[in-house]
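Presented sequentially are two complexes of chain A, the first with chain B as partner and the second with chain C.
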Partner chain A sequence: MAEIYILGQILSAENFREPNLFCRWNIQAGSLWKFIEGESEGQTATDCNSIDQKSYFAHPIDLHLATRGIQGWPKLSIEVFSVNALKQFCPVGICFTYIPTKPGLHHLKIATWRIAPQTVLDSIREKFFTGGFTIVKKDLIHTGLERYKIATISSGIVRVELSVFFKHFRKYNIVFD
Partner chain B sequence: MMKRKVNNRYTGIYRTSDIIDNLHIRITLKKLYSIIQIPKFEQVQLGQPADQQTTDFVERIELRWQEKIFSKTEFTYYSQKENCKSELEKKYHQIIKEQKEGNDNECGLIFTYIDDDNYQPNDNFGPNELKITQLRKNVEEINENKIDQSIGLFANENETSLRYAGDKNFIKMFIMADLDPTILLFTIQYRKSDGLFIVYPDFNDESNCYYLEIDQNSKQMYTYCMENLSTTSNEMTQKIKQKQKLDELQEETCELMKKLSFSIKDQNFNFPKFCRIVLLMEIESARFFDHDNLHVQFKFKLPNFVRVIEGKVEGATHSSYKNEKNIWNFGYCHCLVIDIDDEFLISNSEMDKILINFDVISIDNLWQRERREGITSIKIPLEETSSNTEYNLQCFRELQGGSSFVDFLERFFLGGIRSIKYNEHAQQGAINFYGNSTVTTGNLKVKVQQIRQIRQSYRKNLRIQSIDDIISSYHRAKAKLN
Partner chain C sequence: MSIENFYYLNILGEIKSLYFPLGPNGNGLFCRYDIVTGDDWELISGTKTGITQCANGSRFSDEIVFNMPIECTFKSTNIYGWPQIIFSIYGKNLWGSEVNVGYARMHTCFITNEKRKTEPLIIRAPIIIPKATNFWSSLINMITDRNPELRDPKILADGTKTKNLFTFSNGGEVIVSLECIAKGTDKLDFDH
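Up next is the complex of A and B:
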């Protein structure tokens, strides 16, 4: 079995209008993959610093995966939440990115988006009551040919730093470069 | 009338921290026919019959603690179900039944009484003539030399042994000889509370046997001994502990191995028949487009010899409204798995590239009219993995009506008219295919990563270059067949 070691951290979230941000992250992979060690999902602390619209997390990611095929390459999914004064939180950004396919250190800048309110009433509700909307059926954001029917608003970016190590891939004739 | 000649026999008193179940002894009972082998034979009988057996009868048996061996009488008695009324008797009956089923019907001279049998020997435990003897000296030697005394001699005094004789806390075991009459060979007692282990007579070996002379109708000479086969010290316990540790380690290793592999069947890595390529495309963001509420439609155009294994060749991102920095974020991931026969690849050929066409479309919020904001495309070479993974694609669109003003009016009132098929605009050799004007619009940021798994017999070097190569390879193949 070929193996991948993913070490890194979620550095920061930038250009978000909302203060008090935290991230929930998870790594998804196909059926050929197996998580050997480490947490495949987690949550950062809430950063209250809103100077320059930057929130720093420095949240570690340390994962060991094994695979018997190259299909279903692992994907990092991050949801950014904002916490209000009443300690209620709502999603303000969703993003995905593939784990880099080349070994070494990678600085990823992941663009995020959030679900847009469909009506004026929804906008008011979002602004003053509930906060951002989320998707009940999470699989919709991963697949779907008619995905353009999901209306989103562009949010900020999340900076992630990942070091990726590959083991036994060459043994199985897998070429990266 | 019975006369027994008893040699010097001593009680061995030991204290052991080991568990008594580890006790392992070997009893040897030997009948002597030849006087020569009796060093202290006092009553030599002259004129022995000529047919007297000269070979000694020997019976050896290895025993564990509280192991029941039946005598002939017991075997016959407990074989009858009618005789067995108590639980113990029933248990013995069952054991004998099983022995009979296993064709083990033989009863030797040696048999045992265990604690459950409640056997009471006629004489008190230990002979009266017990003395402080060599064994005590051995104790002193052991103490002086600081030898491991897990099973060590503790004391050997007559009073001591007698004191222990009536103690009910002792678990007893008697080793008997089924002679005429029945003889008690060894008595073993063990007290669990303090690990006191008393054996009478003490352990010995065949070189130093105890002698037994039975003088009934005829004189019979026997020698017997009890050898301690138990592993001394805490070796057994250590072995058990080591085994437990080994078992634990083995379990842990098995668990780790299970984690590393799904199952024995699944351990095989997938080796495709052809070269397999996984294309990971991410549409990251767009900027500088005219209208809001954008989404991107894309379509892969694959060479004919490419087979799609997984994923769709076309798709669309979600609709996105721009943020304060006039950037449309998509963060859309798309995966396509394809198989290619790499023998058909020709270096630097346009045929060996995957074309991805992008069509950026905006949707009017009021009338839900679609407008084309831009089209663009990239070509991904199949032959080699490109070092460049990030593409900043410049988009363009057709100028409707041939002028900017008409184009503005048409787009404002009617929406966009997609006169160019976005999957055809980048066809090979098509220079201004529709003969119309175009205008540059925004940028599309795309990232495409490739992972290739070449087949095991990668025949890159054998790639067909010319007709001569084909003919020569044909002849080689034909020669091999012949």
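Up next is the complex of A and C:
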């Protein structure tokens, strides 16, 4: 079996209007893939930063996957949440990215979106950081099949650094260029 | 699979400096570093931990220079558990007592000697400061000019344990320059 090691960090979230951010992340892969070691999902610390709209997490990612085929290449999906003074949280940014298919270190800058408020009341509630809409079917984030059903607004960006190591890919004649 | 399937990773470099764009909140800063690895990693030579000198900045730059060497060699069979460095930074506060000024976490460099460009890799790790979550402790922290400390800073290297932590940052960075030399990775058929 060919193996992939994914190492790196969720570095920061930038340009979000809301204060007190944290990220929930997970990595999914197709049915041919197997998670061997490491956490495939997690949650960062909450960063209460309001200066120049940058929140630093430096949250580590360390994962080992094995595969029998390259279909269903792993994806990283991230939800950014904002915590208000009452310790309630609501999602303010949703995004996904494919794990880079080239070995080496990659600096990724992922733009995020969130669900648009439908009524005036909803948009007022969102303005005072007391709740936006969340996604119940989480696979909407990383699949494209039912995206046409939702309306979104663009949000801030998330910076992720990933380094990918491949093992036994040359043995099975998989080339990257 | 033979039993000799291991490789060596030699990490060498220096903690160059601390950078505070808004000025440091303390003087006489020093930092302790701990290298945290997974279970499959074995230390062959060097030390995993160290403490720098007490350093002060100068009026002409934002950087507090340490120039502290880091050198260690690991033996491993696995990429999982790649060495991470945790910095705990301490300094003197308004009242002259030593307090925590923040923490930083980074992975050591991923690129080994084959892909190396001419200069060593500079890594800038953001400084993260834990925050008190209730009003009274944050008031006492403000009066005593003290930040809450982590009992075990190594939880920063483990992605599952920082869930309930509240932090803030002042834009500070730890600047580290590192080089990695690997031996025996070809045998394991890695692409990196």
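Please note the rule applied: the second predicted complex is superposed on the first by the 166 of 177 C-alpha atoms of A that agree within 3 Å, B and C clash if a C-alpha of one lies under 4 Å from a C-alpha of the other, contacts with A are read in each partner's own complex, and residues count from 1 in each chain.
Operating definition for what follows: contacts are C-beta pairs under 8 Å (C-beta built on N, C-alpha and C of every residue); 3 or more make two chains touch, one makes a residue touch a chain.
Everything quoted here is computed from the prediction, not taken from an experiment.
Enquirer: Overlaying on chain A: chain B and chain C, fit or clash?
Expert: fit
Enquirer: Does chain B (first) or chain C (second) touch A:I124, or do both, or does neither?
Expert: The answer is neither, since A:I124 touches no partner chain.
Enquirer: Now for A:T152: first (chain B), second (chain C), both, or neither, which partner does it touch?
Expert: The answer is first: A:T152 touches chain B but not chain C.
Enquirer: Of the partners chain B and chain C, which touch A:A111 in the superposed model: first, second, both, neither?
Expert: Once the two structures are laid over each other on A, A:A111 reaches chain B alone.
Enquirer: Which partner chains sit in contact with A:I135 here, chain B, chain C, both or neither? Use first/second/both/neither.
Expert: So A:I135 meets neither chain B nor chain C here.
Enquirer: Roughly what angle, nearest 10 degrees, sits at the C-alpha centre of chain A between those of chain B and chain C?
Expert: Nearest-10 rounding gives 80 degrees.
Enquirer: Can you give the closest approach of chain B to chain C, taken over C-alpha atoms and in whole Å, for the superposition?
Expert: 11
Enquirer: Which chain A residues come up in both lists, the one for chain B and the one for chain C?
Expert: Common to the two interfaces on chain A: residues 36, 176.
Enquirer: Provide the residue numbers of chain A that touch chain B in the complex, in ascending order.
Expert: My answer: residues 1-2, 15, 17, 32, 34, 36, 66, 68-73, 75, 94-98, 100-102, 110-113, 116, 141, 145-157, 172-177.
Enquirer: Taking the complex as given, what residues does chain B use to touch chain A?
Expert: Chain B residues touching chain A: 259-262, 266-271, 276, 278, 280, 282, 284-285, 293, 295, 297, 309-310, 312, 314-325, 327-333, 335, 337, 361, 363, 385, 387, 449-456, 458.
Enquirer: What part of chain A is in contact with chain C in the complex they form?
Expert: Counting only chain A, the residues touching chain C are 5, 7-9, 11-12, 20, 36-39, 42-49, 51-52, 54-64, 103-105, 163, 165-171, 176.
Enquirer: Of all residues in chain C, which touch chain A in the complex?
Expert: 38, 78-82, 84, 104-107, 110-111, 115, 125-126, 128, 131, 156-160, 162-163, 165-171, 188-192
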